[in-house]
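By letter and in written order, the chains are A, B, C and D; residue numbering begins at 1 in each of them.
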Amino acid sequence: MQDDLDRLAAHVKSGMRVAVPVDYGGVPMALTRRLITRGDVTDLHLICVPTGGLQVDMLIGAGMVTTVETSAVSLGEAGGAPRFNDAVRSGRIRILDATCPAIHAGLLAAQKAVPFMPIRGLLGSDIQANRADWQVMDNPLSEGADPIVLIPAIHPDVAVFHAPMADRAGNVWIGRRRELAAMAYAARTTLVTVERIVETDLMADELTAAGTLPALYVTDVALAERGAWPHGLWGNYDPDSTELRRYAAAAKTAAGFAAYMAETESEIA
Amino acid sequence: MKNPPATAREILIVTIARLLHGTRHVAVGAASPIPAAGAMLARALAETAGEPRLRISILGSVKHNFFTNGSTELFDCAGQGRIDAFFLGGGQIDGAGNVNLIGVGAYPEMKVRWPGSFGSAYLYFTIPRVILFREEHTSRVMVEKVDFISAPGTSAEGVYRKGGPYALLTGRGLFMFDKDKPGFRLESLHPGQTLEQMHEATGFAFDHAEKPAETAPPDETTLALLRGRVLEELGETYPDFAAGFRTETLGVEPKEVTT
Amino acid sequence: MQDDLDRLAAHVKSGMRVAVPVDYGGVPMALTRRLITRGDVTDLHLICVPTGGLQVDMLIGAGMVTTVETSAVSLGEAGGAPRFNDAVRSGRIRILDATCPAIHAGLLAAQKAVPFMPIRGLLGSDIQANRADWQVMDNPLSEGADPIVLIPAIHPDVAVFHAPMADRAGNVWIGRRRELAAMAYAARTTLVTVERIVETDLMADELTAAGTLPALYVTDVALAERGAWPHGLWGNYDPDSTELRRYAAAAKTAAGFAAYMAETESEIA
Amino acid sequence: MKNPPATAREILIVTIARLLHGTRHVAVGAASPIPAAGAMLARALAETAGEPRLRISILGSVKHNFFTNGSTELFDCAGQGRIDAFFLGGGQIDGAGNVNLIGVGAYPEMKVRWPGSFGSAYLYFTIPRVILFREEHTSRVMVEKVDFISAPGTSAEGVYRKGGPYALLTGRGLFMFDKDKPGFRLESLHPGQTLEQMHEATGFAFDHAEKPAETAPPDETTLALLRGRVLEELGETYPDFAAGFRTETLGVEPKEVTT
């Protein structure tokens, strides 16, 4: 039977550029598992804002990813991301290594509807050397030579995240996690899962409005209790480090990953 | 009853606190209890000495989070010159201060792949005192030349650069970075370490005195501050680490530094 | 006797670049009147974020301003800004006409510590034609010709604003008015007056933290009840349109302005 | 009892609602009750017709504020293509669609100085349907060439431009903008206006039919919607305007349009 998660998942199509949040910033794991269970999407280009965790590792393990643009992928305290590391080593995915503020700069360029953002740093790094899409130019406002890197705008097709609450109009409370808003501003479609849907208007009270992403930027919302699990959700629950370690151990091999996914699937989906 | 002498870990923490002296705002990575402890000790010492308040931002922590503008704010804040010190690790660190957080072998399909460069390629350019901190000091970490430069130690003339390596602190000793050379100079060996061992464990050449100094242990006041107030503060963010630390320090199987 | 407002005012020195907020966004009128009463500051360069009102008109009337960078100055419903208009017509102040998003872009460049921000629009306007400091270049990421304007970073020496509340640590609640944060990020010194000082920690509760400018960016705070009057303060009080009209009528002439200032001084200072 | 016929103001509001048909998000300036009323009417009509919901952002209003990222968000939102229509006034408007919000005479020490250009030099480039709205239609407003271009009506080939003038609505009539010409074409004269008067009051040349149409009054349903629901909504944001409007419409000294 189709439910709200399916309705959200249906927006994600093969080949899309999907922006995903940092592991402590509201990872939509329930939606991710649903995408994997549906099994109809491949060739995703993931943009980690600015790093990735379990979500990225699982999507790679499930064979749904072609490219990952990121500043890092790891399982945090549980160690390296096994399916990501394996896929990079074997060349099964294309990796676009970045640095955190460069990813923020690319999204900001999209938010500001400009073709690029300048950024300091990066010069002389092999990150820069390996990014043909990033250009170095001399700062035209400087009298002397002053090389600076230009990061092209990053336009995700879809941004996905999990947040504490939304109201009936589709306004989403993100609190201080404003990179979630940045993802939504930059993306064409934004899909949000939440712990709860409130009956009040989040925009009507200045206190809640200050931490709210307006419905204007939100394509669709679905309820997903503990929807970030086993990642944590700030102010709601901590990461389940036992589960993350269990995954880390299991996913060391492709077979172990498959077994893990089959076994834990029914709990969530 | 006299306090037990400082452990190896305490020596690291105290050394970090010394390196942070005079700073106003220190940022610490999420899973970095030793740098966090060093920063908390520096803050307590500054307060005791009546010096300006030291602010500590611990990334990913809710309690020690001075930011309200999302994960971009750390970088903006660093760019604005509002962060004086930061810690960087490194799967490989070389004698030119280059840091590799990407992996071992030929990029991109490397033999070993690490998580990635995080914000290093920006923060290394913008924060004046970047302290390279890695407990493991072996020739596989301290290499002659890194396989991949996540963040370069120095930059060509004319490149905008407000920050960079300040010191390299490992389980074996403390180095200070000389950006004009560029390279590291051994400042002190931790108790129990010899210069010979240091050369053997280090893949790059470094300057040193003929007889390098020994890293100074903390005085009684500092040690008391660390084991009291700082340990308590640390426990709020890193409960497991603080518990282990307490056990180590107060006696069960003490790995004490022989001074 | 020196009080908190004097302590704040003492940070403002002749020749400084001072960022001031939009008329509905928390204008520090009590602090402005104090600056005028003290009478020791001249040659200010005002940066309106992105437009100005009574505050700007009064500082100009008091002869304290040399340059105004703005997208507009007016008294809103009360009509044109008389001292501003007169000073521009007579050439007594230098006017740097801008457009709202260009001022935001300049502050954002300072926030991001980059020398410039690109911005769309502006080409072919006389605003652009009269700003020698703005450069036009061809977008280096485009294959064809694609001219784009670069706005240099705006680095105010001081940012001043009035807000609903601050806590004892100097954290200031700004709610949705995030351009106030943008001003503070870009400025070296930030001076804030507030309606009330609360005993709670604004950063401790995620709900208030989401709308809080951290103390990290705040140089000093002073209590000033009804400190935006006769401008309004969102969520607290409406503009006093009678007073604004009274000012607009009086300040049509320099003499009328002087009389108004002398007469209303004691009420506030 | 039949409703009194539409007033001149109601004709303007209804015309604006027509111009907004099919839009999804309209932004309205702070002190613009007529455009706001037009947008509210368009929203009510869309709802009645079962068409997609129209969102209205009224700048400076707390109630009709869909933004939470400070005063930069309107411009970001427009740049992202999320705003379909906007209103611009103009101290001077010329036949090429150029708008002057700066003043009269030689810049910068002008004979008359107006407040300034606000966001026009950006929004005119980014919002597809910019409706130039100015009730005063005299030859001092509608000039051959503006003294200062706050925002140009058209741009050279190769200049990034997603938006621009769509229509010019005044107290005398409605013009549509032809960006290929570029120039205005008179679409209709408001009731009581003649082509001769229009030429006299307009400093620029414009295209027109030999016998221009008259701006159509609203049908009964639309008028009822305007005087009922829309007026009520309007009163929440513009109480004084709504009260004056009510008086004008319901009879005391009615300035009715003679149809």
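One rule holds for everything that comes next: a contact is a pair of C-beta atoms (placed from the backbone, for glycine too) under 8 Å apart; a residue touches a chain by one contact, two chains touch by 3 or more.
Being a predicted model, the structure only gives us computed values, none of them experimental.
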With chain centres defined as mean CA positions, report which chain is farthest from subunit C. B
Taking each chain's centre as the mean of its CA atoms, how far is subunit A from subunit D in angstrom? 41
Would you kindly tell me how far, in whole Å, the mean C-alpha position of subunit C lies from that of subunit A? 37
Taking each chain's centre as the mean position of its Cα atoms, how many Å separate subunit A from subunit B? 30
Two or more other chains in contact with one residue: find those residues in subunit A. 108, 112-114, 119-120, 146, 148, 176, 181, 206, 209-211, 234-235
Residue numbers in subunit B touching two or more further chains are 62, 65, 67-69, 79, 126
Each pair of chains that touches is included here, namely A-B, A-C, A-D, B-C, C-D
Mind listing the subunit A positions that touch subunit C in their complex? 105, 108, 112-120, 135, 137, 139-142, 146, 148, 150, 152, 174-176, 206-211, 234-235
Mind listing the subunit C positions that touch subunit B in their complex? 110-114, 181, 185, 203, 206, 209-217
Sites on subunit C touched by subunit D in the complex: 22, 24-25, 49-51, 70-74, 76-77, 80-81, 84-85, 88-91, 95, 97-102, 104, 108, 119-128, 130, 144-148, 176-182, 234-235
Flag every residue of subunit B that touches subunit A in the complex, lowest number first. 30-31, 60, 62, 65, 67-72, 75, 79, 101-103, 107-126, 148-152, 155-156, 158-160
Interface with subunit A, subunit D side, in the complex: residues 25, 55, 62, 65-69, 76-77, 79-82, 126
